[in-house]
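For reference, chains read A, B, C and D in written order, and residue numbers begin at 1 within each chain.
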Amino acid sequence: MSGADHALRRVSAVRGVRGAMLVSAPDGLVISESSMEDVDGRAIAALAASLAGRLRRAAASAGLGRPTVIQLRGETGTLLAVPAGDELLVVAVGDRETNLGLARLELLEAARGIA
Amino acid sequence: MNDDVRALTSELARDPGSLVFLDLAEVLRRRGQLDAALTVAASGLARYPALADAHALHARILAERGDGDGAFDGWMNALQLEPAHQAAHRGLGFLYYRAGDLARALRHLEFAAQAAPEDAGLRAAIERVRVAAAPAPAEALAGGTAAGEVVAEAAPAPTSRAIPFAIDSGSGTSSESELFAGLDGARDGLLLLDQHGLRLGGALRNEDGADVSDAVAAHLAGVSREAARAARLLGLGEWQSLGVECEDGNAHLVAPTAETVLLTVRDVSVPAGRLGLVAERAAQAARRWLERVA
Amino acid sequence: MSLVNFTAREITCKIVYYGPGRSGKTTNLQYVFGRVPETRRGRMVSLATHGDRTLFFDFLPIELGSISGFTTRFQLYTVPGQSYYNATRKLVLQGADGVVFVADSQARRFDDNIESLQNLQENLLEQGVDVRQMPIVFQYNKQDLPRDLVLAREDLDDALNFRGVESFPADALHGSGVFETLKGISELVLRKLAVGGPAA
Amino acid sequence: MRVLESWVSGPLSRFLDESAARLVLLMTSSGQVVAQHGFTRSVDVMSAAALGAGIMASTGELAHLMGSPRFGALVHQGTEQGLMLSGFETPRGRWIGLVAFGPESSVGIVQLFFQQFTDEIAAAAPPEEPRGPVLAENFEHELNASLRALFGR
């Protein structure tokens, strides 16, 4: 098992997380994914990368430097995305019960390992 | 003028491969001979399909003939060939304005102004679009800019008047100063914008103290739509907030109303959780203010 | 089948120049390309090898102008003639509204013409097209060559043109017969769209 | 945006809106244009359609030759813009979409919303109506005049 797969498995193991994936940021495609339940992995990759791209440009124009963690919270779940270098994103989707603090730490850890 | 046309026509006849078609089509256009202008521009374009000026002129003539779709395609082609093409940005600015897409209109007009900073007419149009309370496009876009006249003549009134109050990018109106009154960061870390990326109130400053409100607002145009789309397609329900931790600061986005977005920015010492609370308080203030000014 | 846009009042037809290798199909398109004003034609797309033989296809769109109030456009295609390119020929033939069969008039190419014509019939049949319903004209090219090298139009008609459709002697390199051929196939193709024509 | 049949425009404008694509060309598998957005000259559109259909047909043959199923989509990612070619079934037969997109979009976004678009197209297509005569009986005169003008005769 590759390092990336191992890292994704650790993210997926966090309570409430429905799945995790590694995404190519410029083209919004799945590189590798772990136990993605009930969600179209391709949609997650495309939408997360698009959102991350827009926020990266906005953060740069605000003088905030590069984004390190992105969290989109909805009524019933959360999308988390952490850039790993310029080209990759580690992404997780969790339900309402997700331990977001732990998921965030695992994603940061995974990104450090992959970048 | 007639002599102009005659001279240019015979020059073009002598050398069909020359770029004189641009001058001839332009002269015909100014004289209102749009059919002839179009024929000349189209044949020039067929010969020089990679010439941005030819696309832009062709588009301009189509716009004057009332073919907005054709003009849009032409100006987009010009930009693909020459991303900073001034006339194409100007033309698209006016088309977007006409369609009521003020954020895109503004972006294109600002690009156009970068290439022609001395163009007072363009600057005035930008200000008017910013304020977005113009009584009619013909007035808003006047000021001697030819493309403005063109599209304004052909254009019906803008369909979108979604912005219910004036946006003053100066020192702030009395009502705007009430927006985030009493809140920490009211003048440098809270920014309320509409869905088109136009600033409604508040301000954002970078670490050098420069006002970056408009640039950030432009980048966030459509962000609420995109957040809503992602949340919907990923089965996350309605979106509630978008948090962005960055190297040099943290940002938090919420939607106080369906048409607005509130950006809260603090330095990295403010943890993401607390930023959410600050943002929620500011969102309440924004909702109250929006109700008052509407 | 030809595309008809009733809203924009436009007709687009696909015409395929078929025939054995080196019979002059590309030359036909090149001549048309050279004669038609730039405003009325697109770029000529040629996917060819260095040996100038058509590898994939040549393509030339032309605008005829208004006919019965419809802006009428023709898409002219050639197929690669060499026998080993049959897969490509089948692809190009898909959806054709008319065929110009360009035969090489030289006596020594007689068998190649027959083989190519049979191949055309097989490929049409495979696509479920009734060969008798497909508008087709013949062009007997290279008639400018010395008399003793080429077959006469009557001989070629006897050998190839069983249906007795229109045929045109030609010297495509110098343009003779190219216009007449295009006119002939245009009439047949558009006849299918016309009042009183056989049902399309 | 230009469409051959009006029922295509709803799904197509939604696709353009969601994907932020720069150019879109829809064609039949034989290369006839069904709809387009972003091109200027109709003759360029026809060339692009002929090439797009040719590429799809030849890669289809290639897949067949190698014993693999037909390619769903072909993507070319350039430095300035990307291209996607994708075939899909409709009640009107097999169609092909050619999409060009810039950095404001991505392959992922284009593919995601193209899928939605093809679903909508499949659902929206009305049954094909039989076609009556299009041209006047004596069209030859106009045809000849057009051809003569075209060839400068």
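A few comments on the model shown:
By definition in this document, contacts are C-beta pairs under 8 Å (C-beta built on N, C-alpha and C of every residue); 3 or more make two chains touch, one makes a residue touch a chain.
On a predicted model such as this, the values are computed, not experimentally measured, just so you know.
Two chain pairs are in question, A-D and C-D; the one with more C-beta pairs in contact is C-D.
Nearest to the common centre of all protein CA atoms is the CA centroid of chain D. Centres computed as Cα averages put chain A at a distance of 35 Å from chain D. With centres set at the average Cα position, the gap from chain C to chain D is 24 Å. The distance from the centre of chain B to the centre of chain C, each centre being the mean of the chain's C-alpha atoms, comes to 50 Å. Spacing of chain B relative to chain D, judged by their CA centroids, is 30 angstrom.
Among the residues of chain A, those in touch with two or more other chains are 43, 47, 50.
Among the residues of chain B, those touching two or more other chains are numbered 46, 229. The set of chain D residues touching two or more other chains comprises 2, 41, 44. Considering their complex, residues 3-5, 7-8, 11-12, 14, 35-37, 40-43, 45, 47, 56-57, 59, 61-68, 70, 72-73, 75, 77, 87-88, 91-92, 94-96, 179, 182-183, 186-187, 190, 193-197, 200 of chain C touch chain D. Contact residues of chain D toward chain A in the complex are 77, 82, 103, 105-109, 111-112.
Chain A contributes residues 23, 26-29, 42-43, 45-47, 49-50, 53 to its touches with chain D in the complex. Within the complex formed with chain B, the residues of chain D that make contact are 1-2, 18, 22, 37-41, 44. Remark: chain D residues 2, 4-6, 28-34, 41-44, 46-47, 50-51, 54, 57-58, 61, 131, 133-137, 139-140, 142-144, 146-147, 149-153 touch chain C in the complex.
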